[in-house]
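Multiple structures are listed underneath, in structure tokens.
Two complexes, one shared chain (subunit A), two partners (subunit B, subunit C).
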Partner chain A sequence: MSGVQLKNLRKSFGLTEVLKGINLTVESREFTVLLGPSGCGKSTTLRMLAGLEPVSEGEIWIGDRNVTDLEPRDRNIAMVFQNYALYPNMTIAQNMGFGLKAKKMPRAEISARVNEAAAMLNIADLLARRPKELSGGQQQRVAIGRAIVREPNLFLFDEPLSNLDTKLRVEMRTELLRLHRSLDATTIYVTHDQEEAMTMANRIVVMNGGQIEQIGTPSEIYFKPNSRMVAGFIGSPAMNFVDGRVGVDGLETSIGPVAHPTKLASGDAVILGFRPDDLYFPDELTAYQAAMSVDFTAEFVELLGARGIVTLRAAGAEFKGVFEERFLHRFAEGATVALALSRDRLHLFSATSGERVGG
Partner chain B sequence: MHLRFRLILPLAAAMTVIMAYPLVFSAWISFHDYRLTRLQDVRFRGVENYAFILSDAPFGRALVNTMTFVAGAVSIELVLGLGLALLLQRLVRFQNFARAVLLAPMFITPIAVGLMFRFLLNSELGVIPYYLATIGVEIAWFDERLALFSLMLIDAWQWTPFMLLMFLAGLEALPKDPFEAARVDGASAWITFWNLTLPLLRPVILVALIIRALDAFKVFEYVWAITRGGPGDATETILFHIYKTGFRFFRLGEAAAMAYVLIGILMFLVIVLYTAMRRR
Partner chain C sequence: MTAPTQDGLLSRRRLTLVAIEFVVALAIAIVLFPFLWIFLASIKPPELVTEPNVWMFPPTAANWHDVLLESDVPKNIINSFVVSVATVIIALVTGCPAAYSFSRFKTGSGTRFSVLAAEMMPPAILILPLFLVLFRLGLIDTLAAVVLAHLTFVVPVVTWFLIGFFDEIPRELEEQAMIDGYTQFQAFYKVILPVVRPGLAAAAVFGFVLSWNDMFYALILTGGESRTLPVAIAGFWTFRGIDMGKMAVAILVAVVPILIISFFIQKHLVRSLGGGAVKF
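So, the complex of A and B:
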């Protein structure tokens, strides 16, 4: 297994620059997820890694080899595509063995490897069928099997679960993790689904507008987002934001003053963020912990089961809160509820650059 | 009469006059001794006309000639068309230009193509033999051994673009993903072609083959314009043989019977190819 290095990688289609200098090191055996909204360049990055898309500028290293100008077949990588990309005219066994056949491996060895992978993925009874006779989930297993048998240096996944229904997606997620653990393979996985990213990744690379916004472990990304964009993109329901200004001893925001120390100069415009899960009833926090208390008006309650999402209103703006089911009766429509924000659960971003400036 | 029957009546009438009447009339002729020189003495002959065909050596020769011509011409067109389509698929910039240029031969009426090549390939006047001679190659394009082959080349000149267009459209319609998967899987262009492109293109290839084979079976204009079936009977094709029997020798009974045999052969061919296409 080998690590991967992207050095100042750029890509333009005509005059449009879609990747604006990506620098990324993926350690050997790491499961890295590229996460971002549509059009952020994550798929393009993956396709360049695979060699399907020529590099405009910069370098790609896999292990200690510069593969920037190599054909896909000289890179020893395997890729799983969003819509499976199986060979429709071949049987499942032929699909899985095609890469090995292309390498002129003896037939006996091909079938041994295919059988082993098929057993691992529970598709051994499908080997004689053709792709169109299989369900979406089965086809995706075949696509994964086709990648496994190659024993590549690097696994690339391009939104592999997004065509599956929710239940299957959660199952496959676990299975992919189990597979990653047993194969111990360097993996780069592209998705726009933050839940997939949070649950599967060793490290998440959040991309936006052709640039890397933040690299970190799932908990770093969630609890210490580097920018307003990351903070707003990760987490569901999304983080609440309030415009504010640095005052003499704290912040002045549209929902009231916040006791929050910052290095910023007085008068600087900031954005205060707090997650829906980080709204507390005043008696839950000590006086020190509470940064501020706000009187919200309750509007709706959406029950999810054990918890519910509450839509709140204060100073003309809308906020979301998440509370356990046993507290939801307090949010009758029109009720005024005092809620506190915790000092250590605040996120502060510069209003101009969007960068994290405290919290 | 119900409105819907009244509405299709004009078309039904036109079809009857244009198609059904000639078909039925020629079927009737094929069972009679019907000569243009003896129209006052038309006699019923039963299946004798058909029996005659079986013993008619020139008809057998014409059948062999035609089948050779179809197999040869269509194979050349298939290989060239597919090769050019694969090439053009990559030369995206040339595609529109090439399409326009390559379409041109298809717009020319076959009789004109025949006349054109009769002059181009003429061993005394032709520009092609002239330039071939300057590099020391002397080929008698229309001698007994080569004439049929030359006709195949002419057919290929005119109809390869048709194959090319079919295959280009077919290639464009193929899903992109499997080919990307094959690249990542490490397959060379050669392996990808044999294992992926060709099998996926199979339905298009079969349709193109059927259309071209049926059309090539009816080859007449090149023969009529260039060789008139000669030298000897080297290029006498079925349609030319039928034409000769009916309109040179005025034996319409036999000619009609031959036409029906040709229809039978073509239908058999269609069924075979169609079955091959339906299989998966």
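So, the complex of A and C:
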């Protein structure tokens, strides 16, 4: 297995620049997820890695080989597409062995490898069938099996789970992780689903507008987002934001003053962020921990099961809070509820650049 | 007013069914009647052939015997067959890669409709230059001339037809093949061509029928040896009158290959013309 390096990778379609200089190192055996809203350039990056899209500028290294100008077939990679791209006129066994046939591998060895991968994925009884006779989940397994048998240097996944229903998606997620552990394969996985990214990745690369916003472990991305964009993109329901200004000793925001030290100069415009999970009842925090207390008006409650999402209103703006089911009775429609913010759970961003400036 | 009873609903449904069956039967009758009429004409004794209202007569095989064994018609059939098969093969060999590139590459996307340019011109405009070129080449009254003329309208139709089929195939399929270790050309003929086979079959039948039926070019470009079947059929209309009986035989013979091909290929044909030839 080999690592991957993208050096100042750029891509333009005509005059539109879709990738504005991507620098990324993926360690060998790492499971890296490229995450971002649609149009952020994550799929283009993956397609360039696969060799399906020519590089406008920059270099791609897989292991110690510069593959920037190599054809897809010379890169020794495997890719799983969103629509699985199974060859409809071939049986499952032929589908899985097609890449090995290109390497002129002896037939006996091909079928041995195919059988091994099929057993690993529980599709051994499907080998004689054709793709259209299979369910979506089974097709997905075949596509993964086809990638495995080639024993590539690098696995690429392009939103492989987004055509599956929710239940199957969660199952396949676990299975992919198990597979990744047993194969110890360097994997780059593209998705727009933050839950997939959070649960599967060793490292997440958040992309936006053709650039990398942040690279980090799932917990770094969640608890220390580098920018307003990352903070707003990760987490569901999304982080709450309030506009504010740096005051003499703390912040002045539209929902009240916040005791929060910052290095910024007095008068600088900032955005204060806090996650819906980080709203506390005042008695839960010590006086030191509490950065501020706000009187919210409850609007309505969406019960999810053990927890519920509460829509709150303060100073004319809407906020979301997440609370355990046993507290939800406090949020009757129109009720005024005092809630506190914790010092160590605040995120502060510059209003001009969007960069993290504290918290 | 009372609500319709179960019985009322049932009988109404049955009535609709009967009406549909009646319309279908009528349509079949309208289509088949001319065949019956032509067949009767082919076995009528010569003195009755001009009497369309006579339905009962002693049948004769004289027309069939004369046309199939003692005329040029078998040769005309072979000519037509050679022309149509050659036209279809050339049209597929050239049209298929053309359609693929129109469907896949940027170079083709804007000029797609230009494929149909020759189709938009009436054949009467094309025939004059075509005749002069073929005359200079010394090809007048050869099968090659007819094939070349037929290619002017069969290639565009076949290409246009196939573009639609290639458009339906997701690009990921050949991208996957390229990642699997094949060149783009290998991906085209190992993965894409087999997938588009129903489309190829449909396009082939379509092209064959177009070429088989053509009389305009064949009439002008051929004379003696290289006459095709439609020209020969028209030849039964002489200045001494129409030889209806023999013409009827030739017409029936001309229809047979089309029927046979359509029969063997109808599954593909219905699937491909009905859209969604390639399901994923």
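Everything that follows uses one rule, which is that the second predicted complex is superposed on the first by the 359 of 359 C-alpha atoms of A that agree within 3 Å, B and C clash if a C-alpha of one lies under 4 Å from a C-alpha of the other, contacts with A are read in each partner's own complex, and residues count from 1 in each chain.
Heads up, the rule we're going with is that contacts are C-beta pairs under 8 Å (C-beta built on N, C-alpha and C of every residue); 3 or more make two chains touch, one makes a residue touch a chain.
Model, not experiment: these values are computed from the prediction.
Colleague: When the two structures are laid over each other on subunit A, do subunit B and subunit C clash or fit?
Modeller: clash
Colleague: Between subunit B and subunit C, whom does A:Ala85 touch in the aligned arrangement: first, second, both, or neither?
Modeller: In the superposed model, A:Ala85 contacts both subunit B and subunit C.
Colleague: Which holds for A:Ile77: it touches subunit B only (first), subunit C only (second), both, or neither?
Modeller: A:Ile77 contacts both subunit B and subunit C.
Colleague: Applying the touch criterion given at the start, work out whether A:Lys132 contacts subunit B, subunit C, both or neither, answering first, second, both or neither.
Modeller: second
Colleague: Based on the superposed arrangement, let me know which partner A:Ala102 touches: subunit B (first), subunit C (second), both, or neither?
Modeller: both
Colleague: Just to be sure I read the superposition right, which of the two partners does A:Arg150 touch: subunit B = first, subunit C = second, or both, or neither?
Modeller: In the superposition, A:Arg150 contacts both subunit B and subunit C.
Colleague: Show me the subunit A residues, by the header's touch rule, that subunit B contacts in one structure and subunit C contacts in the other.
Modeller: The answer is residues 50-52, 71-73, 77-79, 81, 83, 85, 87-89, 98-99, 102-103, 146, 150 of subunit A.
Colleague: Can you name the residues of subunit A that touch subunit B in the complex?
Modeller: So the residues of subunit A in touch with subunit B come to 50-52, 71-73, 77-79, 81, 83-90, 98-99, 101-103, 146, 150.
Colleague: Going by the contact rule set out above, which residues of subunit B touch subunit A in the complex?
Modeller: Residues in contact with subunit A: 175, 177-178, 180-188, 191, 195-196, 199-200.
Colleague: Note which residues of subunit C are touching subunit A in the complex, please.
Modeller: 170, 172-173, 175-183, 191, 194-195, 197, 278-280
Colleague: For subunit A, which residues are in contact with subunit C within the complex?
Modeller: Its residues touching subunit C are 50-52, 71-73, 75, 77-79, 81-83, 85, 87-89, 98-99, 102-103, 132, 146, 150.
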